[in-house]
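Here the chain labels run A, B, C and D in written order, and each chain numbers its own residues starting at 1.
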Amino acid sequence: MSRRTHNLIPGLGLGVIGLYFVIPLVATGAFSLWEGGDKYGLAAYAALIHQPKLWQSLGLSVRLAIQTILVGLVVLVPAVFWLNLRVQRLRPLFDFLSVLPFVVPPIALVAGMTTLYTGPDWFVGTANYLVVPYVILALPYTYRALDVGMRALDLKTLTEASQSLGAGWMTLIFRVVVPNLTTALIGAALLTIAIVMGEFTFANILLFNTFAVYIDYVGQTSATQAAALTLLSFLITWLAMLGVLFTGRGGRGQVQIGGAR
Amino acid sequence: MSRRTHNLIPGLGLGVIGLYFVIPLVATGAFSLWEGGDKYGLAAYAALIHQPKLWQSLGLSVRLAIQTILVGLVVLVPAVFWLNLRVQRLRPLFDFLSVLPFVVPPIALVAGMTTLYTGPDWFVGTANYLVVPYVILALPYTYRALDVGMRALDLKTLTEASQSLGAGWMTLIFRVVVPNLTTALIGAALLTIAIVMGEFTFANILLFNTFAVYIDYVGQTSATQAAALTLLSFLITWLAMLGVLFTGRGGRGQVQIGGAR
Amino acid sequence: MSYLQLDAVAKHYGSRTVLRDVSIDLKAGEFVSLLGPSGCGKTTLLRIVAGFDQPDSGRVVLEGRDISGLAPAKRQMGMVFQAYSLFPNMTAQENVQFGLRVRRQDATTQQKRARELLELVGLGEHAQKYPHQLSGGQQQRVALARALAISPALLLLDEPLSALDAKVRVQLRDEIRRIQQETGVTTLFVTHDQEEALSISDRVVVMHDGVLAQVGEPAAIYGEPANIFVARFVGAVAELQGVVADGSAGMVTVLGRQVAANRARGMAAGTRVYFLLRPETVRLGPPDAAGMLHGTVIARTFYGALTSLKVEIVGGSDCVTAAMASGDAVNIAIGSTVSINWDPDSPRLLVA
Amino acid sequence: MSYLQLDAVAKHYGSRTVLRDVSIDLKAGEFVSLLGPSGCGKTTLLRIVAGFDQPDSGRVVLEGRDISGLAPAKRQMGMVFQAYSLFPNMTAQENVQFGLRVRRQDATTQQKRARELLELVGLGEHAQKYPHQLSGGQQQRVALARALAISPALLLLDEPLSALDAKVRVQLRDEIRRIQQETGVTTLFVTHDQEEALSISDRVVVMHDGVLAQVGEPAAIYGEPANIFVARFVGAVAELQGVVADGSAGMVTVLGRQVAANRARGMAAGTRVYFLLRPETVRLGPPDAAGMLHGTVIARTFYGALTSLKVEIVGGSDCVTAAMASGDAVNIAIGSTVSINWDPDSPRLLVA
C-alpha cells in the first residue's frame, strides 16, 4: 500500500463521521425553516421565543449544570491529585470507576433510582436530585480532563519542588496546581455543561422538565419547532465545545513546553 | 493540613461515589426479591425467564453491539494510527470530534434522525439503522482506548524502525501495531458492549425493542421484575467492565515496560 | 563534629533491599557526590535526606538534630531535580521568589534576593521569562537559584545534568562547583557519571547494591580503589590476573612473566591478585626495548588531547590500554609490536 | 567515487531553515559522525538519508543511484534510534529476525543470522528475552543487531547512546566502533557529544545552524578548527583576544604582551585574531621563569588521569586552563602565581 493510499483511508473515515454530523444538521436546518408547502421562513423560531416553558426549562438546565460542575470539581480535583501524586498503582481502579457511568446503563440507574423514589417514602425528590446522577454522568469527562492536565504537569516533581521550598498543601494546590490546570478545569466545566444540557433519560423518566425534555415535548407537537430547538441546542453545546477546543489548544502548548522533560 | 488529613478527603470523595453505586444496587436487589407483604423469593426472576421478548431484545442488543464494534474499529484504528503517526497537530481536532457525541445532546441527534426518518421517505429504517448512532456514541471510548494504547507504544519510533527494516504498511499494522494493542482493542470492544446494552434514548424514540427498552417496558408493568432485570443488566455490564479492568492491567504492565523510554 | 550525619540508614521495597545500613558524615561546606550505577540506591538515599522517602531504620541528623521524622517542607533543603521542575505558571524570578514568598518575607527583600541569585547563575537578563522560553540548561540554572534562595541548610542535586547536552552539561557542572564554593553551602550530589563526580566533589561516595563501596577524595577513589567494583566503575583500567611471585622484591607473575609492582611488597607469595593498570601509567616503547610485557597495537581511539591505544598482550587475549598525548600516539601504527612498561609504583593490586 | 553523496540538501519548516545546501560525501566503509548542538539540523539530515523526511531540494545519491524519492522501506538502511525501538511483543531474536522475515528468507537462515548477530553484540544468551527484560544498553545492542541483520547499505545511528548511563555509554560506543570495523558497514552517526564523535569516527562533520561548520578527521577537527564555532564546540579551549604584532617573526600581542605563535607568520600586522590555546598545550612553571604570560591559579578540577588548573592571567580577567598529569598538578597550589608557556607551534589563530 502506498503512503498516499494509506493517508486516504483514515481521511475517508473522518469524512464519513463528519458527514454523519453535517447531513442531519443541514436537513434539520432546512426543515426548521419549512412552513408547509413551498414556504420557508422563521415561523418556528418566532413561535418558540414566546413560550415561557422554553425559558424555564433552559433555566433549570443551566442551574443544574452549574451545581453539577461545582460538586464534580470539589469531589474530583483532590481525588485526581491524590491519584497522580501517591497512588499511581490505583490508576486501573480509577479508570474503572470513571467509566462506570457508561457501564451501568443509564436506564438501569434510573430504574434503581425510581425504585428508591417510589418505594420507601423517605427519599425526597426535587430537581436537585438530578445533580447526583449528573455528577456521575459527567465523571468520566471531568476525570479525564483533570487527569490529562495533571499528568502533563509532572505533578510529582512539582509537588516535591514546592515542598522542598517549604510550601504546605494549600500553597501547593492554590499557587502551583490550580494555576497550571485552568485549561483542564475550564474544559471539564464546559463538557459538563454540554452533558447536562443534553441529558434526556434521567430527566424524562424522573419527570423533571429540563431543556432536553422540553425539546422532546415540542417535537411531539410541532416537528418544525423541534428542528429549530435542536439547532439551538446544537449551537449552545457547540459553543461550549469550541470553548474546550480553544482553551485546550492554548493550554496544550503551555503545558507541553513547560512540563517537558 | 497534615498529610493524613489530605489523604482522607479524596478517599471520602471516592467513598461517596462508591456508596452512590452500592446503595441503589442493594435496594434494587432487595426489592427484586420482594413478593408483596413480608414474602421474599425469586418469583420476579422466574416470571422473566419465560418471556420470549426478553431473549429477543437481548439478542438484538448483542447483535447491535457486535456490529457497532466492527464498524467502530474499522473506522477508528486507521484514523487514530494516522493521528499518532503523522498529524499530532490535529490532536485537538480529534479530541473535539471524539467528544461530539456528548456535546450534541443525544436527544438533538435523535430529533435530527427522526426528522430524516419521518420526513423524506427515501431513508429506510431497520434496527441496523441504530448502528450509526451507536458507533458515534461509542466513539469517545473507542477513541480514547486506542489513543492511550498507541501513545504508550511510541508508535512513531516503532513505525520508523519497522519501515527501515523494509516492512510495508500491512506488516507494520498486523505484526507490530495490533499485537501490541490487544489490550486497547479488547477494552474498546467491551466498553462498546456496555454502551450498546445500556442505550435507551435512541432505541426508545426510534421504536426498536432493545434490551434497555425492554427493561423500561417491564418497569411499567412490574416494579419487582424491573428491579430483577436491572440487576441482570448490571451483571452483564459489570462483567464486561471487569474484563476491561483486567485486560487493562495486564496490558498496562506490558506496555509500560516495553514502551518505556 | 559532622554537619550532616546519616546513621545506619536502611530501606527496603518489599523483599528488595535498596539501602543496607548506610552511614555517611558530611562536614559543613563540603561537596559530596553519591556515585553509582542505576539501582545502586543513590537517589533513594538523597530522597531520604530530603524527606520524600522514609528510611526503614537509621537516622538523618543535621547539626546534631535528628530530622528523620520531619516533613520535607520543614527541612530547609534546596533541591534540584533531574526533570525540569520549574513552576510553568511563574517567571524565572517568581520561581526563585517562591520559597521566600512561602516564608512571608517582604516583597522588596524577595525581589532583591531573587535578582542576586539569578545574577549568580548568570541569568540576570532572563528574570521575566517563563520556563518554556528558557533552554534546558537555563531552566536548571533557575532551579539552582530557586533552591539557593531559601539559604538551604543543605543543597541536594539529583542528577541535575543528565537531561542536558554534553557541552551544556560540562559548563553547568563547572558553574555548580563555582557557585557552591562561593556560597559555601553543604551539597549532596547524585550522579552516575564518574567524571562528573571526580571533577566536582570534595569527596565521593561510591555506592553499589545499596552499600558504600568506597568513600574518599576524588584522587583517592581514582588512585586507590578499595575494591574491584570501584576500580572498574571509576575511570578506565586494564585488569590482568596476577599471582604474587616475590613479596619482598615486589614481583608479580602476570601472563607467565614476572613484572614489577611495588605494592606486592609484604604480600604473601602465591596470593592471587587483580593486577590493575590505569591507561595513563602504561608506557609503550619500541619492541626491542626490555619491556615488562610485549604486545600488538589493535585499536586507536582519539579523544582530542589524548589518544588511547589498545594493546593485545603477547601470550594471551588480554589487553591493556595506554593513553598518551595525541601527538605521541601518531607515531605508533595499528598492528605494530610494542613493549609495555610502567613505573613499579603504578600498578594497583587487589586481592582476588 | 563516493558511496553516499548528499548533494545540496536543503530543508525548511515554514520560515525556519533547518538545512542550507548541505553536501557531504561518504566513502564505502567509512564511519562519519554528524556533530552539533541541539537544533543544528543533524537529526533532520539523518532522517532525510533514511527517507523519513523529504528534502525541499537537493539529492541523496547511494552508489550512483538517486534515492531521494524512494520510500524508507526500499532504502535498505539499518537504523538505531535514540528512543528504545524494539518491538515489545517480540523476543530479542524475533526482533533481529524481523527484517529477514519481511524479506521472506527461510526460517533456518533467519535464525542462523539472528544468532550470529546477537553473538556479535554480545547477547547470545539473551535471545529469548523480551525487550522489557533487558536493560537499556542491552536493548540498544539488540537494536544494533536488528539493524545489521538486513546487511544494510548504510547504518544510521541517531544518538543511540544518549539515554544510557555514562559507563554503559562508553562501553557501547567502543562496541559500536568494533562492530562497524568488523562488518565494514558504512555508518552515519548523529551525536551532540564531541568526545563521542572524536573517539568513534573516521571523519566528523560539525554542523551549526543548518550548515557544515567543518568536515574532517577527528584530529583535524580538534587540532585545526576552521572557525571559532568549531574551536569552542569541540574540546576545551582558552580564547584570548590578540592582534598580530609581527607577521614575519610570528609574534602576537595578547593582553599587552608579545607572545610567540608560529601561525602568525605571514599574517599582516594589526590583524585581530582569536588566540586559542588547548589546555594540554599550556605549561605552567615557577613564577620567576621567563614566561610568556603570568597568572594566578584560581581553580583545580580533577578528572582522574588528568587535572586541569584554571589560571587567571595577570593584567585582565581572562583565564587559560592547563591540563596536566594529576601527579604533576598536586604540586601547584590554588592561589599560587605561575608562569604560562607554550610551544610556539601550539596556539591556533582565527581571524576575528
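The rule we apply is simple: a residue touches a chain if its C-beta (ideal position, glycine included) is under 8 Å from a C-beta of that chain, and two chains touch if they have at least 3 such contacts.
All figures in this text were calculated on a predicted structure; none of them were measured in a lab.
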Required steps from chain B to chain C (each step between touching chains, minimum): 2
Interface ranked first by C-beta contact pairs: A-B
Averaged-CA centre spacing for the pair chain D and chain A, given as whole angstrom: 53
Chain A-chain B separation of Cα centroids, rounded to whole Å: 17
Centre-to-centre distance between chain D and chain C (centres being mean Cα positions), rounded to whole Å: 24
Sequence positions of chain D contacting 2 or more other chains: 71
Residues within chain A bordering two or more other chains: 168
Chain-level touch network, classified as line, ring, star, complete or other: ring
All touching chain pairs, where touch follows the definition stated at the start: A-B, A-C, B-D, C-D
Interfacial residue positions of chain A with respect to chain B in the complex: 1, 6-7, 9-11, 13-14, 16-18, 20-21, 23-25, 27-28, 31, 74-76, 78-79, 81-83, 86, 91-93, 95-97, 99-100, 102-109, 111-116, 118-119, 132, 136, 139, 141, 144, 168-170, 191, 194-195, 197-201, 205, 212, 215-216, 219, 223, 226-227, 229-230, 233-234, 237-238, 240-241, 244-245, 248-249, 252
Chain C to chain D touching residues, read off their complex: 37-38, 165-167, 174, 177-178, 192-196, 198-200, 218-219, 222-223, 233-235, 278-280, 299, 301-306, 323, 325-326, 330
Residue numbers on chain C that touch chain A, as the complex places them: 50-52, 71-79, 81, 83-89, 98-99, 102-103, 130-132, 143, 146-147, 150, 156, 163
Touch list for chain B against partner chain D, complex: 153-154, 157-158, 160-168, 171, 175-176, 179-180, 254-255, 257-261
